[in-house]
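You will see chain A twice below: alongside chain B first, and alongside chain C after that.
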Partner chain A sequence: MAVIMAVIYGIVGVMPIFVGDVRFIMHILIMCLIWAVVAACWDLIMGFAGIFSFGQVAFFVMGAYGSAILASRLHITPILAMVLSGGITAAIGVLVGLPCLRLKGAYIALVTFAVHMILEPFLKGDMGRFLGTGGSRGILTIPPIELFEVTFSSAAPVPFFYLTLLLSILCTVIILIVIKSYWGTAFLALKDSEDFAMSLGVSAFKYKLMVFALTSFLTGMIGGFYGHYVGMLSTRMLGIDLFVTLMIMLVIGGIGQYPGAILGAFITVSLNEMLAPLGTYRPLTLGALVVVLVLLLPDGVIGLIRKVSGDEAEGAGVSRY
Partner chain B sequence: MLIELIDVFISGLTNGSVYALMAVGLTLVYGVSKAFNFAYGSFFSMGGYLAWLLLVGLGLMGGYVIIFIIAIPVLLAVGYGVERAIVAPLRKRSDWEVKVMMITLGLALLLDNAYQVGFGARMKSLPTMVEGAMIMGDVVLSYQDMVIFVLSIGGIVCFRWILNNTRIGMAVRAVAQNPAGAQIVGIPKDVIFGATFAISTVMVGVGGILLSQKYFVSPTGGWDILVKSWVITAFGGMGSIRGSLYAAFILGMLEAFVGWIFGMTWVLFAMFGVLLIILAVRPQGLLGKWG
Partner chain C sequence: MTPPQPSNMCGTDPSPRRIARPSGDAAILKAIHVTKKFGELVAVNDLSFEVKKGQIFGIAGPNGAGKSTVYNLITGFYPFEGAIEFNGRNIRGLPPYRIAQLGISRTFQIPQTFPSLTVEKSVSVGNRFGSPGHFDRKYVDRIIEFVGLESQRREMTGQLNLLGKKKLMIGAALATRPKILMLDEPMAGSNTSEIKSLMALIQAINTDLGVTIIIIEHFMKVLTELTETLLIIQTGTELCCGDPCEVTSDPRVIESYLGEAYADSNES
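Let's turn to the complex of A and B:
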C-alpha cells in the first residue's frame, strides 16, 4: 500500500516542474490532492469500518463554512481555524455517529444522508445567517492561508501546491496507519463477523465512534483548507452532482482497496475537468458513468490491475492487511 | 382559526395517504431484497412527468383514467428493467448493499438531469383530476383531495390483500423471510426481487401522479419524497405495512402543522428530529422487527 501511495504522490509531486506555470493545470492538481483526502476518509469509514456514511460531503462543507467563519469573523489565523473547524466537525460527526451506531445498514445511510439534506436549508436559513454563513449568497471573502508570514493563495499556485501536497500526504498517511494498526484489523474483524469479533473483546461501539470522529475531523479540516484556497463558498457544493463525483472516486478506486481511493480521486477530478465542455449534459454523464462503472469495475482500478497481472491471491481480503 | 385548522388537518390527511402508499413501496423492496433504492424519488418525478407528457404534452383525451392505464404498465416495465439491469448483477458481489445504493444514486442523478434536459428546469403543473368541492358551511372539502385519499388508501388495501391472500403474495413473503429457503421450494427468487422492485416503482410513480396535480413536477422534486418515504418507513418499522400507515399519517399531520405554524422550510428539520428521537428510543420503529 505504502509503495503505491509513494508512487502516486511522487508522480504528482514532480508535476510542477513541467506544468508549474500553467495555472489551470495546477488548480486541477490541487483539487486532486484535496479530494484525495476526502475520498480516503470515505473509504476508511465505508470500505473498512463498514459504516454506510453518506454524510461525507456534508462534513466537508461544514468544515469549509466553519473555518471560513472562524477566520473572517473572529480573525483567527486560517491554519488554526482549519484545525478548530476540524474539531467542530469531529464533534458533529460524533453526534451523528451516536444514533447511527445503534442502527444497521441502510438506516445509517438514511440518517447521514438526512444530515446532508438538511444542511442546505440550515446554511441558507436564519440560524445559519446568524452564524455568518451569508444565507444563499454564501461567503465571498475568506482570508488566504498565512504561515510564517508567507501568504499561500491561489495567486501563487506552486507554493500552494506543495502545501496541499504536504497536508494531503499527512492525512492519507494517518489513514494508512489506522488501517494497518490494530484498529484497522478490528474493523475487518467486525465487518466479517460482528458477533465473533465482539466475543473476542473488540468493542464495536468504541472503534466505530472513533472512526466517525477521525474521518469527520480530517474531512472537516481539508474542507476548511479548500475554503481558504478558493476564497468563497456557497451551498451549491451540497448539490447531488458533487456527492456523486465523490462517489465515482470511490467506485474507480475500489471500495476497501485503500490507496485506490486516492488514485480514484486523481482520475475522477481530471476526468471531471475533461467533461466540462459538455455543459448541462455533464451531470447526466456523471450519473451514467456511475451506473456503468459500478457494473464494470467491481473492485475499482486497483482490483482491475490485480486481475490483469493475475495476482488473484492479493485480491480484496488479503491485501488489506 | 378553526376553519384553518380543519384545512391543515385535511391537507395532512391527503398527503399522509399518498406518503403511506410510497412508504409501503419502499418498505416492500427493502424488506424483501435488502436493496435500498436511492432513485426512489426520481421515480416519483417520473410518474409526474409521465402524466404531464400524456395530458399536456400529447394532449391525450380521456383524463386520468387513461393516464393510469398507460402509466402503470410503463412504470412496471421500468421498475422491472432497472432491477434486472443494474441491481440484480450486483447481488453476488462483495459490499453489494453499498454498491446498490451507489448505483441507484447514480441513476437518480441521471434521471433528474434527463428530466431537466427533456422537460426544462421550470416546474410543470398538471390539470386537476376532478374539479369542484364539497362545501359544508365554511369547510371546503375538494373532490380532488377525496379522490387522492381514496385512491391511495385503496391501493394500499389492494396491495395488502394481494400480499396476504394470493400465491404471488405468499411467494413474496417467503422470499422476504428466507430467500434460500424460498428457492429450495421452487420460488423463482430473482423474479420476485424484480417484481417487488417493479411494484414499488408503480407505487411511487402513482404517488407522483397523485401529488403532482396538487403541487408541481420538477426535476429535483423527488429528493424530498425519498427522505420523507424513508423517514416514514423507519418510523413505522421495516416490513410492517400497518406501521407505515400509522407513521405516514402521523408525519403527514406533522408536516402540515409544522408547515402551517413555522413555514415549509422547517418541515425537513422536524422530520429529521422525529426520526432521530424514534431511532434513539425504538430503533426498530413503531411496529417493526430487525431483520
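Let's turn to the complex of A and C:
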C-alpha cells in the first residue's frame, strides 16, 4: 500500500517541473490532491468499516463553511480555522453516527444522505444566514491561508500546490496508518460479522464512532482548506454532480482497495476536465464509463494493478466474496 | 496409571474422569430466574441453572427450545429479566464486548468468520481485543496450533471449509483467554471422524487449558461422553438437569425430546 502511495505522490510531486507555469493544469492537480483526501476518507468508512455513509460531501461543505466563517467573522488564522472546523465537523459526524449504530446497510445510507439534503436549506435559511453563510449568495470573500507571514493563494499556484501536497500526504498517511493498525482490523472484523467481532471483545460502539469522527474530521478540515483556496463558497457544491463524481472516484479506484481511492480521485478529476469539451454530454460519458468500469474492473484500477503484479492478499475488496 | 476411559455412553460406574475433575464446587456461572420475551413469544421462561468451575456442562432440547437464546443472554446480546452471575458478579446489562473481556467467549450456531481477514489475523482479533493482558503473538501461535489450523494460517477465512470455520471460531474465542467457552452445536454438519476430532479438541480445551465448557448439542452420544452435567430445556424452561446418564434415561426426556428426535429422524 505504502509503495503505491509513494509512487502516486512521487509522480504528482514532480509535475510542477513540467507544468508549473500552466495555471490551469496546476489547478487540476491541486483539486486532485484535495479530492484524494475526501475519497480516501470515504473509502475508510465505507470500504473498510462497511458503513454506507453518504454524508461525505456534506461534511466537506460543512468544513468549508465552518472554516470560512471562523476566519472571516472571528478573524481566526485560516490554518487554525481549518482544524477547528474539522473538529466541529467531527462532532457533527459523531452525532450522525450515533443513530447509525442501530441501523444496517441501506438505512445508514438514508440517514447520512438526509444530512446532505438538510444542509442546503439550512445554509440558505435564516439560521445559516445568522451564522454567516451568506444565504443563497454564499460567502464571497474567504481569506487565503497564511503561514509564517507567507500568503498561500491561487495567485501563486506552485507554492500552493506543495502546501496541498503536504496536507494531502499527511491526511492519507494517517488513514493508511489507521488501516494498518489494529483499528483497521477492528473495522474489517465489525464489517464482516459484527456479532462475532463483539463476542471477541471488539466494541462496535467505540470503533464505529471513531471512524465517523476521524473521517468527518479529515473531510471537514480539507473542506476548509478548499474554501481558503477558491476564496468563495456556495451551496452549489451540494448538487448531485459533485456527489456522483466522488462516487466515480471510489468506483474507479476500487472500494476497500486503499490506496485505490487516491488513484481514483486523480483519474476522475483529470478525466472530468478532459471531458469538458463534451459539454452537456460529459455526465452521460462519465456515467457510461462507470458502468463499463464496474463490469470490467470490479476491484477498480488498483485491483488491476494488483492482479498484474501478483499481489492479491491486501485490501478489503468487496468482489472477493 | 491412567484411569480406564469409558467405552460406551453410559456404563454402570460413573466415569472416573468425571470424579477426578478438580472442579471443586464453586459455581462459575449462575442463571437466576432468567426470562426472555420476544414480543408475545417467551423464548426463555424463568430458567435457573448453575455451571461449576472446570466442568463440561451440556444443554439439549428440541428445536426452538431457547438454547441459543440462553447464550445470547449470557453474552449480552439481548436485555432480559432475572440475573446472570459470573464468578459472583451480576453481568446483566453489560455489552457483549465487556462480557468477552471478562472471560466468557462463545461460538455461533451458524459459523461466523471474517472473510476480509486471514486465519492468523482473525485469531489475533480475539487476543487483541478480548484478552485481559497485552497482545501476545506467541499465545496466538499456540492457539492456532492447538486447534489445528497452522497449515492454513495465511489463508483468508472465507476459503476455509466448514470444519476449518468451526476451528477458527473456537480458536478466536480461545485467544481471548476465556474462563468459560460456550459452544453452540459444534458438531452440526460434521461427519463421524470430524465429530471425533472435535470431541477430542473440546476435551483438550477443558483439561489442558482449564477452560469451563458449556455445550449445546443434539447428538446425545457426544453429550453423554463429554459432559458432567446435562440440562434439558423445553419451550424455555428446565425439563431436567443432572448426570447425563440419568437425564437421558428420564421418562419425561425420552417422551418429549428424545422421542421427538427419534420421530424426526424417522421422518427424514
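Keep in mind that, in the parts below, the second predicted complex is superposed on the first by the 307 of 321 C-alpha atoms of A that agree within 3 Å, B and C clash if a C-alpha of one lies under 4 Å from a C-alpha of the other, contacts with A are read in each partner's own complex, and residues count from 1 in each chain.
One rule holds in what follows: a contact is a pair of C-beta atoms (placed from the backbone, for glycine too) under 8 Å apart; a residue touches a chain by one contact, two chains touch by 3 or more.
Everything numeric in this text was worked out from a predicted model, so none of it was measured.
In the superposition on chain A, A:A204 makes contact with chain C only, while chain B stays out of contact range. Of the two partner chains, chain C is the only one that A:A189 touches; chain B does not reach it. Once the two complexes are overlaid on the shared chain, A:P159 sits clear of chain B and of chain C alike.
Between chain B and chain C, it is B that contacts the larger number of residues in chain A.
Of the two partner chains placed by the overlay, only chain B lies in contact with A:L284; chain C stays clear of it.
Looking at the shared chain after the overlay, A:G138 reaches neither chain B nor chain C. Of the two partner chains, chain B is the only one touched by A:V111; chain C is not. Shared interface residues of chain A, touching chain B in one complex and chain C in the other, are 256, 316. Across the complex, chain A meets chain C through its residues 182, 185-186, 188-189, 191-193, 195-205, 256, 313, 316, 320-321.
Against chain A, in their complex, chain C makes its touches with residues 75, 77, 95-97, 100-101, 105-106, 108, 112-118, 121-122, 124-126, 128-131, 135, 154, 156, 158, 169, 172-173, 175-176. Note for the complex: chain B touches chain A at residues 30, 34, 36, 86, 89-90, 93-95, 97-99, 101-103, 105-114, 116-117, 220, 223, 227, 230-231, 234, 265, 268-269, 272, 275-276, 279-280, 283, 290. Those residues of chain A that touch chain B in the shared complex are 46-47, 52, 54, 99, 102-107, 109-111, 113-115, 117-118, 121-122, 125, 240-241, 243-244, 247, 250-251, 255-256, 280-281, 283-284, 286-291, 294-295, 298, 316.
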